[in-house]
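Each structure below appears as structure tokens.
Two complexes, one shared chain (chain A), two partners (chain B, chain C).
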Partner chain A sequence: MAKKAIGGIAGIFLDEATTVNAARKVRESGFTKFDALSPYPIHAMEEACGIKRSPIPYVTFVAGCVGLLAALSLTYYTSAVDWAINVGGKPMFSLPAFVPIMFELTVLFAALSSVGAFFYLSGIPRIDPPIIDKDITCHKFAIFIPENDVGYSADRAERLLKDLGAVEIKKMAEY
Partner chain B sequence: MGSSNHSHELKLSKFEAPQQLKTAIFGAMFIGLLGLAYGLLKAPDRFWTSYLVAFFFFSSLALGGMFFTAFNHAAKAGWSASIRRIAESFSSFLPAMLVGSFVLILGFKYLYPWADPSQAHRLTGGKALYLANWFVILRLAIFGIGCLVFKKLMVGNSLKQDINGDHALTHKNVGISIGFIAFFAIFFTLFSIDLLMSLLPSWYSTIFGIYMLGAMLQSTMAFMVLMIIWLRTSKWVSGYITVDHQHDIGKFMKGFTIFWAYIAFSQFMLIWYANIPEETEFYLMRSHSGWLAVSVALLIFRFAVPFLALLPREAKRNNFNVATVAVLILVMQYVDIYWLVYPNFFDGEPQFGFLEISVFIGFAGIFMKLLTGFMSKNNLVAIKDPRLHEALNHHVTY
Partner chain C sequence: MLKRNPLVLGNKSLKDVTDDICAPIERVPSKEWMGLFLGAKGLFIFYILTIAMVISTGIGLLGVNHPVAWGTMIITFVFWVGIGHAGTLISAILFLFRQKWRTSVARTAEAMTVFAVATAGIFPLIHTGRPWLDFWLFPYPNQRGPLWVNFRSPLLWDVFAVSTYATVSSVFWIVGMIPDLATVRDRAKNVIRKKIYGALSFGWRGTAKQWSHFEMIYLVLAGLSTPLVLSVHTIVSFDFAVSQLPGWHTTIFPPYFVAGAIFSGFAMVITLMTLVRIGFPQFKNYITIDHMEVMNKIIMMTGLMVGYAYGSEFLIAWYSGNDYERYVFMNRAMGPYAWSYWIMVTCNVLIPQIFWFKKFRRSIPIMFVVSIFVNIGMWFERFVITVTSLHRDFLPSNWGQYAWSIYDTAILVGSFGMFFTIFLLYLRVLPAISIAEVKPVLNVGKEEDEHHGKGH
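== the complex of A and B ==
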């Protein structure tokens, strides 16, 4: 069975500012695959960790355009070509009547594709990193350096996190 | 938090309008006076239609500022605490709005069929009572005075807090804001119906008040974006108003662009589908000769272009891009009100000339005079707001 999560070293922190600062220092010392965990979103964390903008908005835009055109073709084909029915003396191809359907399919395609892209990009259902400490969902913060990171050695990672103010170091084994 | 890339010193000094701006304001008011004199003597019909469009345009900005302040208080928003004073400063036009609506009474007989006794047969059902002169004037007075009272309470509390820093004022403003929103929802709807929809008293549209609300908020956000860019690059404020605030007001501007289009289309589609004579009348007038071009221009330049132009994140953070879209939206707000008023009087071709421009510039002069007066009398930022620290640490995530 494939590995569900890879091991590594986790440092537990007690406050937000130290964690953001530590994340920045970890990135500056050359690690690229590390992760920061927090019970709530921290706005400055993306740039501290060096996370690039997500490509999801582009997926949303393209999927929305596809949805718009799909709805236009669907309404055109069903109402004006395949089964034309005169409704209230309006032309067969009546754009105003089709706009609500075009709007709905734009939203539907865009929303479902965004969720799909999010699942794909975040690797769900993979659990990554492993479960470190239940208090991370409550009042503690963590920085996790996986063992396949660039220039990883358990000693180096442990020393770095300690120096940056981690109150506790946890060795996580793969499972 | 995140202070490394957002390091800025907080600086706030007294605002004083630059000399060129003061000259421009007096010039604008003078041009407005010229328009007034020329219009009243030569073409009172055109003068009053120009007056109505410009009056509604600037009243919308003032009311939009009040509404923005109110919904931010009601939501207990922290991010906007440092830019709330900008919205509050728009309300300095409200006294002029009250005076302006009384001045409008003089123009009733040029503008509204219901003010003409020979047209009384067009007022069926309860309309004869609803559109009786005294009843319209009473509603205008209630709206104008009511807004002033709420301004005195809501904006007044905020100004008082600048001095004594009392947190209780912030809590008090939550209740006042909710009261204002309820008052505003009813009386702004009636205000739009009385001033714009009743130009064609036989026409009904139950969504009209919301249409004007969407237009009002979209244009207010556009004007706020311009003010934010101006102040944030100025010498009076630094650190309090940031690109992140600009970004979020830009998002609001895009949101209300979509909202306006949604309401405009809802109104159009239901009338087009049902095809009832007293409703289609409105769109028939606007779907031939020169008016069709204006109608299509609204769809393109008030919705399609701003919507696509505001989609990228960088477009809202780039001063030039977002300012261009904001100016476009403000122009289209004028065109929208113009499109609601003018086809009732000029059935053939759209008329636009010296009167429209001069009256608009005159109103702009009064608006800017009151606005800069407010800004130089008060702080540019609500410095003792208890939620100010949230606004100073406001970052827009990806």
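== the complex of A and C ==
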């Protein structure tokens, strides 16, 4: 994914409600690739930015099924095929005894794959991500409009963010 | 209308929250911390030396013998795994139940889980007697003919349960910390510090998309951890319950073990939180008396549950009409190990009843003392289950006593050194309260009328 650095305009906001409102307005003005940054998850923000529900649960489900089948085949192959040995007169393929293993591997596969999906979808790990403002992980909020967005012009973006209550405007060479 | 008490005291702004929580990791450690750390570390070194002796000489140094082949190692393993359960209960189950008060204690409770499971994991590895061959516990293709582990054995289920639990709770803990580590990164003044926390935070930025995925993964991991944590102590109890031994062979074990695990874990959370509140006074605004009171209520309730299990075991022993079963329980209460049984009943059932009184539930010194008693009582519960069942089974010619040795004591005491060393280091290098989770609940209980119906 070697792509050219994309710059843009970022507006810094000081409170949650203004930011959510601004995000909604920026979206209504026709921008589609803009991003909102905040120090904590804001529930109204997904709707304001038009973000769809995260697809992570599908990964969880599929990985869980794979884990279940993997455990089933592992126990079946080792206990009933490769090394079929009589333990206490129990059947070679003693399904109830394998349930704990199947459960644990289901959870293990599902959890680790979901975390992998989370990393992939969130674009992390990322080395030295450009930081708009150091305080965005503390108490400030930001909305960023990239220069390749529909109908972008630096002036228009700047004016829009200012009107929506941005206390500071930053030009970013890279995002 | 019932008003909610604020979850965070002292009218904090977003910046105050960050400053308060990051303070302990951005300053020179206090004398008290250094004192505690050196003490814990000394004990940890002592523990390492003890383990070295036990491994190089053999587990004959411990009191295990015939007929009591399971001793301190298994007792203390179950004890520490149980401690871990409260952490997952707070971080996962209470999250699913939307209990907002959990936010300020979740991080540290989850850390406690990870460290307690790490402490626990060492015991069965040494208990095998030849720890250098412990990789035999896992099924892997080998050149010793077709030779695999026995998947019908509860001990092997335990290998899978505990290792999955350790992995998933570590991942849950680390993922939950990513945004906070980014906060620490952005505050760092020193380049090396910035690099280290930058790497630990995986380049997190806090965009709306990232938060959306973050909340989803948190929910998914909470949903997966919930049945996982219940399965772990269930499977630990299978180690006992699947055998034929009177006193072990009961169906009540899984729920009884899980309740006991949560009981002991909450006691450990109270022990640690009272210490954290003393060590870092600014945390008192986040981990308030209200939080402690809620946890004390859970301790009282789970204490009643284990009390019920103790009673129910006796009833069933009598009702089963099985002579061996009846004898084991009479022997527990009146035999040579009766002292351990009555320590257990006193610490776990009687002492927590003090929490019926609000005054005691909200008193830090009292809850600290009670939590210590519960920890002691829960260790003795595992002692009672393991030793009293083994020492007198079916044939009187097969009876004996556990030969407690000084190495048993050293291993037990030393494990606390390991746990507290890691825990104290954690308090110094990682944000001990979830910054990003506390910020959204700042308004809970404040200006209730104005915020009514807003969000969430």
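Everything that follows uses one rule, which is that the second predicted complex is superposed on the first by the 164 of 175 C-alpha atoms of A that agree within 3 Å, B and C clash if a C-alpha of one lies under 4 Å from a C-alpha of the other, contacts with A are read in each partner's own complex, and residues count from 1 in each chain.
Note that contacts are C-beta pairs under 8 Å (C-beta built on N, C-alpha and C of every residue); 3 or more make two chains touch, one makes a residue touch a chain.
Computed from a prediction, not measured in an experiment: that's the story for all the values here.
Participant: Looking at the combined model built on chain A, do chain B and chain C fit side by side or clash?
Facilitator: Taken together on chain A, chain C would clash with chain B, as the superposition shows.
Participant: According to the stated criteria, A:Gly88 is in contact with first (chain B), second (chain C), both, or neither; which is it?
Facilitator: Both: A:Gly88 reaches chain B and chain C.
Participant: Per the overlay, which chain contacts more chain A residues, chain B or chain C?
Facilitator: It is C that touches the greater number of chain A residues.
Participant: Would you check which partner chain A:Lys171 touches, where first means chain B only, second means chain C only, and both and neither mean what they say?
Facilitator: Neither chain B nor chain C is touched by A:Lys171.
Participant: Which of the two partners, first being chain B and second being chain C, lies in contact with A:Asp128: first, second, both, or neither?
Facilitator: Only chain C; A:Asp128 stays clear of chain B.
Participant: Which partner does A:His43 reach: the first (chain B), the second (chain C), both, or neither?
Facilitator: both
Participant: Just checking: does A:Pro100 make contact with chain B only, chain C only, both, or neither of them? Give me first, second, both or neither.
Facilitator: both
Participant: Identify the partner contact of A:Ser54: answer first if only chain B is touched, second if only chain C is, both if each is, neither if none is.
Facilitator: A:Ser54 sits against chain B and chain C alike.
Participant: Taking the superposition on A as described, I'd like to know which of chain B and chain C A:Arg159 touches: first, second, both or neither.
Facilitator: In the superposition, A:Arg159 contacts neither chain B nor chain C.
Participant: Can you tell me which of the listed chain B stretches (27-35, 99-107 or 387-395) runs into chain C once everything is aligned on A?
Facilitator: 387-395
Participant: Do chain B and chain C touch any of the same residues on chain A, and if so, which?
Facilitator: 41-44, 46, 51, 53-54, 57, 88, 90, 97, 100
Participant: Show which residues of chain A lie in contact with chain C when the two form their complex.
Facilitator: 23, 35-46, 49, 51, 53-54, 56-57, 60, 74-75, 78-79, 82-83, 87-88, 90, 94, 97-98, 100-101, 103-105, 107-108, 110-112, 114-115, 117-119, 121-129, 131, 134-139
Participant: Across the complex, what residues on chain C touch chain A?
Facilitator: Residues 13-15, 18, 139, 146-154, 156-157, 160-161, 164, 167-168, 171-172, 175, 178-179, 182-183, 185-187, 198, 202-217, 220-221, 224-225, 227-228, 231, 235, 238, 435-437, 439-440, 455-456 of chain C touch chain A in their complex.
Participant: Going by the contact rule at the top, pick out the chain B residues touching chain A in the complex.
Facilitator: 1-2, 4-5, 265, 268-269, 272-273, 275, 311, 313, 393, 395, 397-398
Participant: Using the touch definition from the top, list the residues of chain A that touch chain B in their complex.
Facilitator: Against chain B, the touching part of chain A is residues 16-17, 20, 24, 41-44, 46-48, 51, 53-54, 57, 61, 88, 90, 96-97, 99-100.
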